[in-house]
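These are the structures, in structure tokens.
Look at the two complexes coming up: chain A is in both, with chain B in one and chain C in the other.
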Partner chain A sequence: MDGMFSQLSVLGSSLVLIFGLILLWRRGVTAYIAAFRWQSIVLALVTAIVAYFAADHELYWVAGALLLLKGVVIPGLLKRMERRFPAERELDPYVNTATSLVVAGLLVLFGYAITRPLVALSQLPTRAGMPLAMGLVLVSLFVVISRKKALTQVVGFLMLENGLALLAILGTYGIPLIVELGVFLDVLMGFLVMQIFIYQIHETFESIDVEQLNHLRH
Partner chain B sequence: MGTFAVLLGPPLLAALLAGVVNPYRRFVGWANGLLSLLSVAAAVTLWRHVVAGQVLTSGSREFLRADALSTLLTLCVSVVAALAAWLGPGMGDDDGYDGAQARRFRIFGNLFAVTMLFAVTSNNLGFMWIAIEATTITSAMLIPLHVTKASVEASWKYILIGSIGIALAFGGTVLGYFDFVNLVGRHDEALNWTTLMASAPHLHPQVIQLAFIFILIGYGTKAGLAPMHTWLPDAHSEAPAALSAMMSGVLLAVALYAVIRWKIVVDAAIGTEFTNHLLIGMGLLSLIVAGFSLVIQRNYKRMLAYSSVEHTGLMCVGLALGPLGTFASMLHLLNHTVAKSMMFFLAGRVLHRYRTTEIAAVSGLLATMPWTGGLFAVGMLAVMGLPPFGLFMSEFALFRAGFVAGRPWLMGLVLALLTVAFVSIIGHLNRMLYGASAGGVPVGERPAWPLLPLGVCLTTLVVLGITLPTPLQTLLDRIVEVIGQ
Partner chain C sequence: MRAYVLQVTQATLALLLAPGLVGLIRWMKARLQNRRGAPMWQPYAELRKLFQKEVIVSSNASWVFRAAPFLVFSSTVAVTLLVPILAVPLPFDRVGDLLVVVYLLLLGTFFLALAGLDVGSPFGGMGASREMTVAALAEPAIALAIFALALSAGSTNLGQIVARTLAHPGTALSPGHLLAFGALFVVTLAETGRLPIDNPATHLELTMIHEAMVLEYSGRYLALIEWAAATKLLIFFSLLGNLFIPWGVAVALTPATVAIAVFSLLAKFIVLAGTVAVLETRIAKLRLFRVPELLSVSFLLGLLAVTSSFLLR
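And now, the complex of A and B:
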């Protein structure tokens, strides 16, 4: 039973990480949104799997909320933004695709290195997935730094949050429910404010390329 | 219960009122101003309890809790929020903001104050995180109150970098929770600071170290520590004056508070050496970056912002210097809050008159606005740490702590960096104060009444520079006990 639980959770975590890597080699925002949607669905699935094997009914609510918020609502809002700016593609990132993939590989390795004490300490069957979650956190951070479109940066930020949510699920079977609800609320509000700002950037700069945001120096 | 309700309720009520009354009416501002005084009174009540040796708590499982450390922060936040309520948009006729902007300020400014007050009184470190994340959202809404290219750019950098920093702090919180869960099992109160402290000595050293690194980078981003400070000068210089005052005066302190809360847990687990090294490293880097950025500064609001980076760095160094250093650092936090919020309000007056933030374009300030210019000059001297102002006393105490702790080289370096900042600020200040009045700028102080509360700020700084009142001394002593436990 534990063996199957362990394998399923690692499989799920790997999928979550792979959807994160799509940001590094695809150029179109459509692909990013799809990757984020599927990543969130798999994350909700992993949460449901943990809920089932750990017999923790609260976690089904968390899985449901994840699915609704990050699998449906936020991708829907992202889609609407994409339709407003159809010409915005990530054509010329600060770091090219080949280098990005190498860096991502190194970051995942680094994720393994820093989570070693965690994996050694934990007794949970899900512990083997934690390095992958940490890998996703680091890769998402790299995406935000190395990409130029505001929309890509937002997707990178959302994936970073997914990585942290995965880390919490795998390492502790989820933080206390009431705190989790507050976190969801913050994610939603934060996303909505970012959306307002992207529209503002588009109105004032007539593009969402953050390379133009370079007036404030020193 | 009652005290906490009076602390958190009024700003919430004021935000609600501003939301309901549409379009904006002047009485909303007045109500906001009066309500903000209730919060200050509640904070003073907490202070009296702390001096009497009590720790007030409220709700089931000590949901809210105000020990000495929380109390100092509630005092700072509520006072600056009150200043912002009285001096913010929507109180005068010609303050450069229309009704819609004033309404937006009243809604989000008050929500910003509530989230900060909740962050420093929440016993649960998870809720503290939620509240600090919410401060990013509420304050970001106010930066582009005037939509310009610069303010849009600043708000984007702020929300993106701030959110990512805060997300990393969430990672640190999860890692801390992970460590706890492995020790005693899952448990709804596990994120309560008091619960964590009870089992802190048995936490796993490597895991809690990793957690603290995430916490320090995460909340350090919000506290404006280098190298994650890049959003700060943009946001603080583009935001409306009242928001800059709140961000620079207390938001940085609230983020530093979050770091301190975790530092206490980590110190109880593995001793102070690990956190002290990290704090000194980050503090020094902030002092270096701020010192040299001040040299090349051409914008007076950015000058004030970099000065905040400098002072936050100084507080970090102080926290790493044992009980004496902690005492000095917390006194410095209070002094900096008073001085910097006053300076940003004054800078707002200068900006409103001269319509520019360029140092070179502001000349003859003393001739144009004698009182504002005078206060600005004296306040700047206070910020630089000259006697007879409070910041001199706290910096002096900090250096003394450093020498007692046997770190003369570190103190020498800090002193050299403070000198760099000092020399460059003096140069900038000279350029602004003297010279011919810029053409087309009307002379005189109108409206003059906002100068009164700002004068009170300056008086406070002078008092703190001459003496340390007993209640304050007791409060700081108790904070040292909390941090050193």
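And now, the complex of A and C:
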């Protein structure tokens, strides 16, 4: 029973990480949004699996909220944003694809290295997935700093949040529902604020390329 | 004795089925694209025709050009003796493990590239240089995918990997195995010249890789090369099917288990061929400069597979 639980949770975490890595290989905003949507759906599934095996009913609500907010609402808003900037579909990163894939591999290894004490300390059957969640956190940070378009940075940030949520679920079977709801509200608010920022950047520069922000100094 | 008979039967079966497998993919692709398509046995007819045709060799060609088809074909035949296609453990398991299999296949690729360079035609050289680029990039990915399997089985012996997965069915769903499957699948497409990397359906285009190398061949030489290429596809398919989903492979050598093995093998081939056909219908060929990116995706999958099999052992 525990073996199967651990197997399923690791499998789910690997999928969540893979959807994060897809960002590094695909170009184009549509692919980014789809990857984020699928990642959130898998994350909700992992939460539901933990809820089932740990017999924690509150986690079902968390899974439902995850599915609704990150699987439906935010991807929908992202889609709307994408439609407003039709010229910005092609994304050019600072680091080329092959290099960023290798860097991502190293980051995941680094994630394994730094979560080693955490995994050794934990007794939960889900502990084996924690390095993958940490890997996702690091990879999404890398996405945020290596992409030029503001929209992709937002997707990177949202994936970072997914990574943290996964880490919390695997490490402690989730935080109390009330805190979780607060986090969701924060994510939604943060996302809306970033959306306004992006519209403003677009107003000022007619582009959402963040390199343009350098012109502000002059 | 019985095991040796089975070994030879397996190799013969592989050689006989290989053109049919290529024909099956072509037929499925044609149906998916709303064409009637050539029948599945078309490649057999093509091979027969080529074997009867006269061989024409360029006057610039050296012995490498004449020897290459035989080397390519015989190295592929040697591999069919080592890979668990129908049963484990095979008596030849002692001779070679996964690494030998991969490098025997690469030996064939190497001689094919040499032959492409040998005649000095521009297409041959171009194809050879591209093939070597792809092979050099695919190689680390194959090695990592293999190490992931070898780590979880504790051995690079193919028979032991299969036996270990059969004994612990849960490992077939472990992330290490799934990621390694993804890595090996991409490499299979690259090594056998399937669609996102090379288009098997076209001749005389600037983007071709495999076809450019073998452009100078004719008659029975071409037949041997085509047959070897089809067999290579079958070998990669049986690696994918039998190493990762080993159910159906005969463990005891009774007529019943061997019959089950043959049927499960055919079922796996049909599923894999269907996957490749759907994939080739849905996606376009990648630009040559994006091929290294795809192969580094495969490398990354392999790396993650190794990490997770190593750390979750």
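Points to keep in mind about this one:
What we mean here is this: the second predicted complex is superposed on the first by the 212 of 218 C-alpha atoms of A that agree within 3 Å, B and C clash if a C-alpha of one lies under 4 Å from a C-alpha of the other, contacts with A are read in each partner's own complex, and residues count from 1 in each chain.
Here, a residue touches a chain if its C-beta (ideal position, glycine included) is under 8 Å from a C-beta of that chain, and two chains touch if they have at least 3 such contacts.
Quick caveat: nothing in here was measured; it's all calculated off a predicted structure.
With chain A as the common reference, the superposed partners chain B and chain C fit together side by side.
When the two structures are aligned on the shared chain, A:Val102 is found in touch with chain C, with no touch to chain B. Comparing chain B with chain C, the partner in contact with more residues of chain A is B. An angle of 150 degrees, to the nearest 10, separates chain B from chain C at the C-alpha centre of chain A in the overlay.
Once the two complexes are overlaid on the shared chain, A:Val42 sits clear of chain B and of chain C alike.
Using the contact criterion defined above for the overlaid structures, shared-chain residue A:Ile175 touches chain B, although it does not reach chain C.
Of the two partner chains placed by superposition, only chain C is touched by A:Leu11; chain B is not.
Shared-chain residue A:Leu23: touches no atom of chain B or chain C.
Once the two complexes are overlaid on the shared chain, A:Leu151 sits clear of chain B and of chain C alike. Of the two partner chains placed around the shared chain by superposition, chain B is the only one that A:Ser122 touches, whereas chain C remains out of contact. Taken over all C-alpha pairs, chain B and chain C come no nearer than 19 Å in the superposed arrangement.
Looking at chain A, you'll find no residue that touches chain B in one structure and chain C in the other.
Against chain B, in their complex, chain A makes its touches with residues 114, 117-118, 121-123, 137, 141, 144, 150, 153, 157, 160-161, 164, 167-168, 171-173, 175-176, 178-179, 182-183, 185-186, 189-190, 193-194, 196-197, 200-201, 204-205, 210, 213-216, 218.
For chain B in complex with chain A, the residues that touch the partner chain are 124, 126-127, 129-130, 133-134, 136-137, 140-141, 144, 147-150, 152-157, 159-160, 163-164, 167, 170-171, 173-175, 177-179, 181-182, 186, 188, 190-191, 204, 206-207, 210, 233-234, 237-238, 293, 296-298, 302. Interface of chain A with chain C (complex): residues 3-4, 7, 10-11, 13-14, 17-18, 21, 25, 97-98, 101-102, 104-105, 108-109, 112, 128, 131-132. Within the complex formed with chain A, the residues of chain C that make contact are 170, 173-175, 178-179, 290, 292-294, 296-297, 299-300, 303-304, 307-308, 311-312.
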